[in-house]
Structure formats: C-alpha cells, structure tokens
Amino acid sequence: MTLEGLLVVAAALFGVGVYGALSQQTFVMIMMGLELMINGAILAAVALWAMSAGGTPKGQLLAVVAMTVMAVEAAVGFALIVGVYRVRKADMTEKLKRLRG
Amino acid sequence: MTGTPGEVMHAAVASAGMDMPVGDVTPELVLVIGAVIVLVFALAAPRRRQPWAAALALAVLAATAVATLPMLDGGQHLTFFDTYAADDVAVWAKLVIVAATALTVALSVEWFRTDARHGEYYALLLLSALGAVVLAGAADLMEVVLGVLLSSATGYVLAAYHRSSARSAEAGIKYYLLGALTNAGLLYGVVLLFGLAGTTTLVGLGDELVGADSTALVAGVGLVVVGLAFKVGAVPAHAWVPDVADGGPAPVAAFLTVVPKVGGLVALARLVVVLPEAGVGWRPLVALLAAATMTLGNLAALWQDDVRRLLGWSAVSQSGYGLMALVALGRSELAVASLLFFLLAYALANLAAFGVLVELRGRADLDAYAGLARSRPLLATALGLAFASFVGIPPLAGFAAKLLLFGAVLDAGYAWLAALAVVNTVVSLAYYLRVVAPTWFQPAVEPLPVLGRWAAMAAVASAAAVVVVGIAAQVFLGSFEAARLLPR
Amino acid sequence: MLSAAIFVPLVGAGVVALLPASWARRARPLAIAVAAVPLVLLLAAWARFDPDGGAGFQLVERARWIPTLGVSYAVGVDGLSLPLAAMSALLFVAAIAFPADVRGRPRTYFSLFLFLEAISLGVFLALDLFLFYVFFDLSLVGMYFLIAAWGHGDARRAALKFFLYTLAGSLAMLLAILGLYLATEPRTFDMVEIIRQQPVPAGGLGSALVLLGFALGFAVKTPIVPFHTWLPPAHVDAPAPASAILAGVLLKMGTYGFVRIVLSMLPATFQRFAPVVAGFAVASIVYGALVALAQTNLKRLIAYTSVNHMGYVMLGVAAAGSSLTGDGGPRAIALTGATVEMVAHGLITGALFLLAGSVWARAETYDLDAFSGLAARAPAFTAATVLAAFASLGLPGLAGFVAEFQVFAGTFAVYPVLAGIGLLGIVLTAALFLRMVQAVFLGPLPERWATWPDINRTEQAALAPLLALVVVIGVAPGWLLDVIDATAGRLVGR
Amino acid sequence: MSRSLLVDLAFYILSAGAVVSAWLVFRTDSMVRAAYWLLVSFVAVGGVLVLLSAEFLGLVLVLMMAGEMTIMAVFMVMFMMNPAGLNPMTMVHQHRAAVGAGLVAFAGLAGVGLVADFPDRAAPSDAPATAELGTELLGDSMLVFETAGVTLLATMIGAIAIASRRGRYGDADAGSLPPELEAPAPKARA
Amino acid sequence: MSGAATWWLAPLALGAALAGGVYLTAVLDRLVARAVAGVPLGVPDALVAPARGAALLLLSPPAATERPDAQSWALAPALLAAVAAAGTAAIPLGPGLAVADVPDGIVLFGAAMALVMVAVFLHGWSANSAMPLLGGYRFVAQALSYEMPLALVLIAVALPAQSLAVGDIVVAQEHIWNVVRQPLGLPIFLVTAAGLGFWGPLALPDAADVAGGTSVEAAGSALLAWRAARAAVLVAAAAMAAAAFLGGWLGPVLPGPVWMVAKTAAVLVAISAAGHLLARVRLERFVVVAWTVLIPLALVDVFASGILAL
C-alpha cells in the first residue's frame, strides 16, 4: 500500500464519478457520480494524511469536511428532485430544455 | 507597547489566554442567531404576519452592520488559529454583503407576498449571506470549502424557491448540478494542496508551498480556482448565471449574482497571494480566466433579447473585470483597493438593474421596455444609471472601479488585459444601449404594471448610491487603501 | 468664477429637467438665460486674464476630491483654453436660442443642452486629468441622447455609432491617462504637476503606447482620417443645434487634448511621431475636401469640411510639436494658427450647421439638387450662408483665413511638402463651397420654394454674434492672437 | 503471512472492489443495484481508510453512506415509476464525451499521484487518531467545525423549505410563483 | 488479532458465538411466549423446538416470484447476518476477550447497524413483489427514525469512558453502571434495538398487515436464514445493551463472560417480552414519536452525561 497506489485508486474513483455525472440522465444517477467524485477526494485526503502529512489532525478533519459536503449536497439534491418532480413530473435532464442560450 | 488601540486591545485579549476570540466573529454570530430568530418567527407567526419576517431580517442585517463597523479599526489580524481573517478586506466585504442582502430583502417583500413560506425565505437569505461572509474571511481552505458549501446549498434552494414554477425548479437544478460538480473538484484540489503543505491554513500554505512539487500544485490550484470560479460566476463554471437570472426568482437572481461573487472573489484573492509564483503561474491563469470571462459574457449578452438573460450574461462579464484585480495582487498598490471598490460598485449597479427588473414584475421582454423613460422616468433613470455604471461612464461608481482596475493591471504589467477590457467595455455598450435606448427614444406606451413601493425604493436607492459612491469615492478609497489582505 | 461657469448650467440642467409640466413653455427662455451665464463669466475671466502673466494657468480654483488617488477638482485657464471655452459658451447660447423642433419634450431637450454646456466647458477648463476624463466621457453621453432622441433619419443607429467609436477612443485614452498617472511620483492626476514632471520619458514601448492611447482617443474625437467614419451619419442625423455643438465644440475637445495633453506632457514622444501625425492630418485635409466635393447632401458636405478643417488644426499641432529645440517662431505660429482655427471653425461651422437646420425646418431635405435660386427669395439667409461659406473656405478678411494662413506659414518651415499638399485642400474647399453657393442660391427658383420664408428674427439673432465674430477675427485678430500667442510660445518652448 | 503483506493484500482487494463497484454503478440495469454498488464502493473505501488507521473515518463513512444509499434507492424506485426497479434503464447521453472527460480526470489526477513528489511524512502508527481529531475539532479548527454545523442547519432548513409539501397553512406550494406580469391594480407609482 | 497464525480463529469464534446466541434467542422467545401466555414453560421442548422448526423450513421447498433479483435476494440474509457479526465483533465477552475491541468500537457497531437498513430494504425489494417492497419502505422510514437516537445514546455512554472502545466503556462502569448513571439511555436503546431487529412492536417491515412484509415471498431455507439473521441482529443489540449499560462482564463471583452472557440473555428476554406483551405500533406514530420524543430525550441524555463527565 503506497501513496501512489492510493492516489491512483482515488483518481480512478473520481474519474468514474466524472463519467457518471456527465453521462447519466437521471438526477439520482448524476448524484451518484458526484458522490463518487467526493469518495475519491476522501480517499486521497486520508491517504495524504497518513503518508504525506505526518498524521496531522487537519487531514482527518478535511475528510470530515468532505463528508459534510457529501451529506449537504445529497440532502439539497434530494430536496430539489422532489421539487422538480412535483412541478414537472420528470426527472430527466433531457427534459430541462426550457432555459437556454 | 505601541500600535493602534485595536491592536493593543487584541494583544491584550490574546495574552489573557482567550482561545475563543468570539469578538472576531460577532457579525457572523449575529447572522446565525438572526437567521434562527427569523425562522422561529416564521414558524410561529400567523400567515398574514409573514412579511414581517422581512423587517426582522432587515433588523438582523442592521445589527450585523453595527457589529461589523467597529472592526474597521480593530487591528487587522488572523484569528481562530489562523483559520479566519479579521482584516479590513473582510470587513468591507461583509459590509457590501450586508448592504446587498438588505437591498435583496427589500426587493423580495412584494415579490414573495403570496408565498406561504415567506418567512423561511429570509432565514435562508441570511444564511446564504453568511456563507459569502465566511468565504470573505476564510483563511483556511476547509473554511473556504464550507463557505462555498453554505453559500451554494442555500443558493440552490433560493434559486428554486418558486416551488410551483417549473422554470424556477429548473434553474435550481442546473445551478445545483454545476455547483456539485465543481465543488467535488474544489475538494480534490484542496486535498492535493493539503498533501503538499501538510496543512490547510493559508499561512501554512504560504510557508510550505515554496518549492513544492509543481505538478500537484498546478493541479490543486487549478481545481480550487475552478471551484471558486463557480461562486464568482466566471469561466469555466459560469453557465448557471443566465439560467438563474432567467428562471430563478428575480430578487434571488439579484442576490446570487452579487453576494457569492463578493465572497468568492475575496476568497480567491486570499488564496492566490500565498501561492508561490515560481511553482504555479497563477497570475497568467487568473488573467486568462478574466479575459475569457469578460469576453464570453459580453459576446453572449450581445445576442440576448431577453432582459433577464442579458443581465445574467452581463453579470458574467462583470466577473471578468473583477478577476482583473486579482491579477494585480502583489504587484500593484491599487489591487486591493480596486477589488473592493469594484465589488462595491458592481453590487450597487447590479442590484439597481435587477431592482428595476423586479419592480417591473420580472418582465424580460425587451420590447416591453420601449418608452419606459416617459411612463416611468424614475425606473428608466435607475436602469440607465446602473448600465452606465457597468460601462464605466464617469462619474458613476463603475467608472472609478474601472479606473482602479485598469490602473492596477497596467501597474502589474498586464497591459494586454487592460486593452482587452477596453474592447470588451465598448462591446458591452452595444447591448446595454439595446435596453436603454428604447426606454428613451421610443414613444411612451401604457405604463408597465409595477410591483410595489419596497422594490421601487430599493432599485432607486441602489441607483442613487451608484452616483453618490462614484462622486464620493474618497470616502471609501481612503479606507480601502489601508486595507490589508491577510495573510500576506 | 470658472467653477460657476461649469456648475451654473449643470444645476440649470437639473432645474429645467424637473420643471413642472405647466412650465414647459418657459423652458426655452430659462435655458437661454442660464446658458448665457457662463458666457458672461468667461468674458469677465477674459477681462481679468493677463496674456503675459507668468507661466501656466490663471484663475485657478482647486479642491480636494479623491486625495487617495491624487485626484483633485481643479480648473483654470490659459491662452489656449480661454478662447475655446468662450467660443463654446457663445456657441451654446446660439444653439439653444436657435429654433428647433423639440418634439414635445422641451424640458429634456434644453436640460440636455445645458448639461452638455457644463460638460464642454468642464473639458476646456479642467486642470486635472481625472476631471478632464470625466467631462470628456460625459460629453458622449449628452450628445448621444441629443442625437438619438431628436435626430432624424436613422438617428439611433448614428448615435450608437458615435457613442461606440468615441467611447472606444476615450477608453484607449483612459489607459493612456493611467499610464501617465502610474508614472508620476507621487501619483497625481494634476495636469500642472504632470506637465512639470514629464513623467513618461521618450523612447521605449511604454511611452509609445501612452502616446498611442491618447492619439487614438483624440483622433477619434477630432476626427482624423481614418477614424472619422462615425462623423457623417452623426452630423447628418443629429438635430441642427446638436450638429453645431458637435462640430463646433465637441470636435475641438480632440484637438484641444492633443495640445493640452500630448504636446504638453509628452513633447519628446510626440516629437518622434509628429511626422506621422502630420501625415494623417494632411490625409484628413485632402480626403475630407475630396469627399465633401462629392456630396450632394448639404449637411454631409459640411460634415466632411469639418474633417478637412480639423486636418488643418492637426497639421498645425504636428508642426508645433515637430521639434524640441531650434527656432520656436514658426512652430509657435503654427500652434497659434491651429488654436485660432479651432475657434474660427467652431464659429463658422456652428453657423453653417444652424443654417442647415433652417433648411431642414423649411424643406425637410438636405439634398443640394433640390435647391436653386434661393438668393432672391431669402436674402438674409443667403447672406449669412455665403458669409459662413466664404469664411470656411478661407477668404481673406474672415476668420478662417487668419487661422489657415498661420497654420500654413508655420508648417512650411517644418514640413514644406506636407504643407504644399495641404494647400490643395484649400483649393478643393473653395471649389466645393462655391459650387454649393451656386447651386443653392443662384439659378431659377423652383416652384415648390416659391413661398420659402427667409430666416426669422430668432434665427438671425442667434447667428449674428457668430458671424460678427467671424468678421471681427478676420479683420482685427489682434485681441485674440495676443491671448493665444504667449501660451503657444510657451508650449513650443520658444 | 506478515502483517504488511496482509495489509497489502487487503488494500488490493478493497481498492479493486471500490473501483469495480463504482464502475458497476453505471453499468447495471437496476437502480437499486446501482445505489448499492455505490454503497459497496464506499464500504470498500471505508475499509481502505481503516487500513490507513483512520478507523473512525472509515466507519463513519460507511455509517453515513448506508443511510444515504438506501434513500437513493428509494428515490430511484419511487421516481422511476418502476416499483421493483428491474426494468432495464440504460439512460445515457453524450456517452463518448463523458467517457473522455472521465478518462481525462482519471489520467490527470492519477498522473499527479504518480508523478508528483509529495512530502514523505508518514503518520506515527500509534497516534490516537480519533482523539486527535476530536481535539482538533474543538481546538485549532473549532471555527471549521462550527461552520460545518451552521451549514448543516442551513441545509436542513433549505431542504425542508423546498421539499415538504404540507405547510402550516395548507399546501405550501400555494402562491409559490413569480408575480404575474400584469398587476391586478397598479397602485404604486415609480 | 493475536497473531498471524491464528487470525482465522477469530471469525470462527464469532460465528460460533453468534450461532449460539441466535439459538438462545429462539429458545428464550419460546419460553417468554409461554410465560406470557401463562402456560407451562416446557423447557425441554423449548430447547429443541427451534431445531425442529429449522429442520422443517430446510425441508420445505423454496419459493419463487416473477423475475426477482435472485442474487440480491440470496444476498440479503447473508448481509444481515454479516452486519450483525460485524457489530458483535466490537463487543468483548470479557476483559480483552473480543474479536475486534477496536478503539472505535461503538462506531463500528453503529456502522454495522446502519447497514441493517440496507439488508432489509434489499430483501424487500429484490423479491420483485409489492408486499415485500412495502415492507422495505417501512423499514427505511423506521430505520431513519431510530438511527439518530441510537447514535446519541451510544455517544452518551462513550462520554464517561472518554473512549469509543466498548471495552473501555465497560471498564468505566466499574463503580456505577450506565443504566443508573444515564437512566434515559437503556430505555431508548431498547426501543432502537427492537427497531433494529424489527421485533415486537416495531416488527413493521415484516408485519402481518403487509402479509409478512419483506419475507412474505421467502420460504424454506431462505426464510430460515432470514429469521436467523434477524435474531443475530437482536443478539448483537442485546450484547451491546449489556456491555454499554449493564456493566458488561463486571459482576461478583462468576467469571466475566458468564456475566456477559447472562446479561445479554436478560436483555433478550426483555425485548422478547415486549414483543409478546405490547401491541404493534403504527409506523406514522412511531416516526413522529421518534423524531419528537426520542431524539430530544436522547439529546438530553447526551448533554446530561456530558455535563456529568466534565
């Protein structure tokens, strides 16, 4: 288990997340991609904390902050989906074509 | 011991062993507590009393301003173990945010009158303003992330606040998707910087990043800059601005194009100055973003027939001008002053422009503005003043801002950026006049229906402030000149 | 006193704009009265002005404005600005008094004129670059609204073009001002101080860029070929009094800027590029005259003669700045000539455009082919037009001659070839004016103009002082030359 | 088998699991499975965190994501009108661009991980990580902690404001529209 | 944990303990049921009855639905058992006698219990049938409601110990048990434990009004596995209750592990009794009570113990 290996795994998670966030049409699936990106960030944070930053508690805290971001965005995302679903009866990005230009 | 009274006091407090300098975050505390009070009021008050929450919110903002003002001579220092800056830049940013939020509240009263959730809206508005305030003071990357998060999470909701409107919901979702994407990148960038420096405080970054690996540094800085560009509404994360301006509630659009920008630009400024220029060419990077932002915003605005989208794109291009100040940081004495003055001038002008839009009940149809100068001369004048300030016509506030910005980038050796800004300014005149000209030169028609007194007063007051601030620039510049941008 | 000349019309503009609707009919006399105040004040200033009195500016008034940036409110006059300011004030009174179709919005119309008067005087009187720029830029705004709201034809498009071009120029100038400003130590926008410091030494890219910025800004405003394309539509579509102001006052801001800023603050750099400027000036002279010759539209014709005349001014300025050492005599003469040309052109072209306004009011066309034989029908109109036209083509005994003679006399010593080519312009101008006079006033009177009314009392009263001055300057220019000469001499280092 | 070898083995298995299940999130036909593949990925990452002696963080990650992923699954099933969620649901747009962007992101960040020279300061293996985190939260980074708290509060207010249907005065949606362009009776004059 | 050679022993021991616990649960439940009903206990019969029932289920044919998600369906009971095992792993039977008495023991327990929700929803959903899915939904709502109080009371017991390790928490009760020190803790924990094991009043996901809920389509060995796994969750919860509130292995005369088993059994009896004595609650009511009563009470518990611990 090396730092390089950990960072490559983190990058892979982030990359898959990017793919998911950009390729999916369902909001919830897009959110999954976003969560995966943050998952990669958490892994990278802890890896750097353990292997590069000498175990300073700020590294752990950074991971906690990342989880906060994840939780907050999930909550707001779900709320927005509920809102959109209610007015639109739709949950596909393709149907969001009203605003453009 | 010598020093200003504020410094002495702070030193005394520090030596007294107080590790929780609560006094340094009084405005923030006032905002939090105020938001909760507004929320509780909203939950308890009967429906017809809901608009009173606006008055309550204004009181909270006034209290925040009162709490902020004494900090102007409070000795500029870092606080909370170097995670937060209590410097004049932060104080002024707070004042601008508070003023902009207060004007937004005034714009919102009549707009949301029929909404059953009238009260919670103001609580969210205060919390969103708090997010920008946190950004403006953040001296720690984690604080930056949380500031972005607080400001965004509330922003998404505000943009989608018309819960029965598909357009509003769509604006919120689009804002959210772009925000979540860039936030994830921001996080990863912060992680990389943390890995290099072993800390997240800006002080620590400034010390540790010298000689750090430049690959990781560039990647980290790039991701963080993109993350903050989202808040600022700058390329490459600008796409939400016209959507929110168009689909979101108009007062919210005014708010979201101003307040997060104030926080985001200050946060970005704070970050870039501690970066080692040898390791990462942040200056050309920011210059490039500024150039792309102002140009793209202008070109897109040029083709708009929809006033709301036009205002949105104009807000994008204005972000480009704001970024110019960052390019000059550390190279020109004018940089910090120009940033602050730009923020002030932009906030007022943008609120005036959106204020007129709100007062006209969010009317986006350009043709409907014909003859406005005769049917509603005050509104037409306010709109004209706001746009003239955007262009930088003297002696309005926008002119002094542009003068300072141009001076700063020239001073920093970025003459090409100044020249490009000039070209863009000329281009922008074309689309601003597309709106203003019909209001003056076409015959009057039936007066457009308006919203109400509060919105009209807010719009006119902002426009008047654009004039006053421009002429009385010294009042502000005298203080801006002495403002420090900690930790450098 | 000078401040009052700026602020009285400014306040007057606000008052007129906010007059109650029932007072709308009194807007015009009120505006004339207000507009006359600066004229009186400037005449008083003239009386107190001492042509040989010390170096620099007189009647200076100062106030702190933005000390942080080194910006102050400062006004004052010297032999260059005083005649221009006085001429502008006079022209404004005439333009405001001249009858015009206010399209039911008299209060806004007169308010804008008063606003523009304050701004224009501000440009000529300002002794602070910041203040100068503020007024310079605001002049665009005022003129934009005048053209767009009261113009005819495709007025809004013409106004937009005018605004865009001149704004681009003025922003380039802003950068140049900042370049100057950033080089000062301590930083200041004070013109007197900058002239003393000469902060940007010649040589190097920086000084060239600063010069380029100013040159662009002023060249668009003046305008010099090839930056003139905004001018014909703006003039043609503007209402006549606005055209008069545009040609008579606003164009002068460009040439005035060349002398006041470029020549005074960047003499060494200007000297490097003076031949280029002279080349452009000659191009303007010839091109303006040639194109004017081809016009069938009266107003467009006058507009192009403005390009031509501003070329004379620029030629004089270029000659004045062509050297830093040596005999200053010819260069001082050239500069004096250029200044007189500014004044004379203001009066003459102002009168011509006002007369064009009379034509429009009666015929709703500017087409030269539509007119003929008006001399018999309208003698006063004919006399005024012919006088102005002859003054414009440089007939001896009239103001234009004094100015052009001096310009060419001075320039021959420096750029003999260019001066020679420039003379060609005079010949062409003579030809085109003679042709115009012949076409409009001689020949048979067409049936449709059988009831052509001559210019009325008001029009005559507005035109009279302008034309009288044209004659006075032509016959006895001493009083004017005295004022200008000392300053011109100082500027070229004689 | 030595301990470090064991750790390495666990790391390889867990990280392969994390990445593969992450990929499967977007490759499965079933929404519930997608959500739970994502959970698997998180649990695997949690495992790696435990290997890195950040047990607390790893466990909290699992704790959080278990709830969140289930909610996601519920949402998916509810909003897709497909109760069992077993019908095929490949809904992908701009596939190539997305793959490209994902690859670029991966290559860039992995490149940074491989090429970049991060400081080489390993954490002391016997450090009381959780206690240190607690001390940090209530000490040096107190403000960060408190900001996070306020952010969560704001999120709750916002999410409820926008998502909950029933309000104090009946349907909360009522009147949540922008004002009509034509005012009923324009009284205020500007 | 003790060495490279014996690392495989730990899971084995855990499995054995859990299996014993599950069987014990079944036996106890039968006894409690009879006690509640007032009929003779019939201990010997109760001892073999679970085995008999299990054998019967094993022999009965498996059921099938139309297009189920077969893998998930098969996985769900295993997952439930696995998370129960993971939760139990953190709980020491005696001093140092735990599979993984890790420093973050109660977090491990909490994480494992959070995954219960995943297993149950998966079980309900994968059958591709309406009633199980309804059961799954119910459990999600139920679990989201008890999760917060559960976490809070566990934090409360960690405060006096200044540690998140379950062993340390037990040691900290040397002088006074947490059940006394934090009187609110155990009742709240028991409620959440019942919720965790969807037992008794909170057996909503598998309740009769949804025709058996998540397990309605299950039969035979699958049903047996599901029931056993659910019992394992109960065992884990009971063991945690014993360790966190009842002093764990602490007790006079008898060796520690015996005390631990006894206390766990006692908690199991209590939960089982509640199941037989109390009526099933309605989901909406439970949710409301959880959010408006349990969470505030749990918060009071945390604050009170925090102040006491200072």
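Should a chain be cited, it is by its letter among A, B, C, D and E, assigned in written order, with residues numbered from 1 in that chain.
Going forward, contacts are C-beta pairs under 8 Å (C-beta built on N, C-alpha and C of every residue); 3 or more make two chains touch, one makes a residue touch a chain.
Model, not experiment: these values are computed from the prediction.
**Student:** Mind listing the chains that sit against subunit C and also against subunit D?
**Tutor:** Chains in contact with subunit C as well as subunit D: B.
**Student:** Could you tell me which chain lies farthest from subunit C when each chain's centre is the average position of its Cα atoms?
**Tutor:** With centres defined by C-alpha atoms, farthest from subunit C sits E.
**Student:** Which pair wins on C-beta contacts, B-C or A-B?
**Tutor:** A-B
**Student:** So which chain ends up closest to the centre of the protein, judged by Cα positions averaged per chain?
**Tutor:** Answer for the innermost chain: B.
**Student:** Whole-Å distance, subunit D centre to subunit E centre, using C-alpha means?
**Tutor:** Here the centre of subunit E sits 28 Å away from the centre of subunit D.
**Student:** On a C-alpha centroid basis, what's the spacing between subunit C and subunit E, in Å?
**Tutor:** Computed from C-alpha means, the inter-chain centre distance equals 94 Å.
**Student:** Roughly how many whole angstrom separate the Cα centroids of subunit A and subunit C?
**Tutor:** Going by mean C-alpha positions, subunit A sits 64 Å from subunit C.
**Student:** Can you compute the centre-to-centre distance for subunit A and subunit D, using the mean CA position of each chain? Integer Å is fine.
**Tutor:** Once rounded, the distance between the two centres reads 5 Å.
**Student:** Which residues of subunit D are in contact with two or more other chains?
**Tutor:** Only 56, 60, 64, 71, 108-109, 112, 118-119, 121, 140-141, 144, 148, 151, 155, 158-159, 162, 173 qualify.
**Student:** Among the residues of subunit B, which are close enough to touch at least two other chains?
**Tutor:** Within subunit B, the residues that touch at least two other chains are 142, 146, 149, 153, 156-157, 160, 163-165, 172, 188, 192, 195, 198.
**Student:** Provide the list of subunit E residues touching at least two other chains, using ranges where the numbers run on.
**Tutor:** Within subunit E, no residue contacts more than one other chain.
**Student:** If we use the touch criterion from the header, which chain pairs count as touching?
**Tutor:** A-B, A-D, B-C, B-D, D-E
**Student:** Over in the complex, which subunit B residues touch subunit A? Could you list them?
**Tutor:** Where subunit B meets subunit A, its residues are 142, 145-146, 149, 153, 156-157, 160, 163-167, 169-174, 176-177, 180-181, 183-185, 187-188, 190-192, 194-195, 198-200, 242-243, 246-247, 300, 303-304, 306, 309.
**Student:** For subunit B, which residues are in contact with subunit C within the complex?
**Tutor:** Interface residues on subunit B, with respect to subunit C: 337, 388, 391-395, 399-400, 402-404, 406-407, 410-411, 415, 418-419, 422-423, 425-426, 429-430, 433, 437, 440-441, 473-474, 477-478, 480-481.
**Student:** Contact residues on subunit A for subunit B in the complex?
**Tutor:** 14, 17, 21, 27, 30-31, 34, 37-38, 40-41, 44-45, 48-49, 52-54, 56, 58-59, 61-62, 65-66, 68-69, 72-73, 75-77, 79-81, 83-84, 86-88, 93, 96, 98-99, 101
**Student:** Under the touch definition given earlier, write down the residues of subunit D that touch subunit A in their complex.
**Tutor:** These residues of subunit D touch subunit A: 7-8, 11, 15, 18-19, 22-23, 25-26, 31, 34-35, 38, 41-42, 45, 48-49, 51-54, 56-57, 60-61, 64-65, 68, 71-72, 75-76, 79-80, 89, 91-95, 97-99, 101-103, 105-110, 112-114, 118-124, 127, 129, 132-133, 135-137, 140-141, 144-145, 148, 151-152, 155-156, 158-160, 162-163, 165, 173.
**Student:** Which part of subunit A faces subunit D closely enough to touch in the complex?
**Tutor:** 1, 3-20, 22-26, 28-29, 31-33, 35-36, 39-40, 42-44, 46-55, 57-58, 60-61, 63-65, 67-68, 70-72, 74-76, 78-83, 85-86, 91-94
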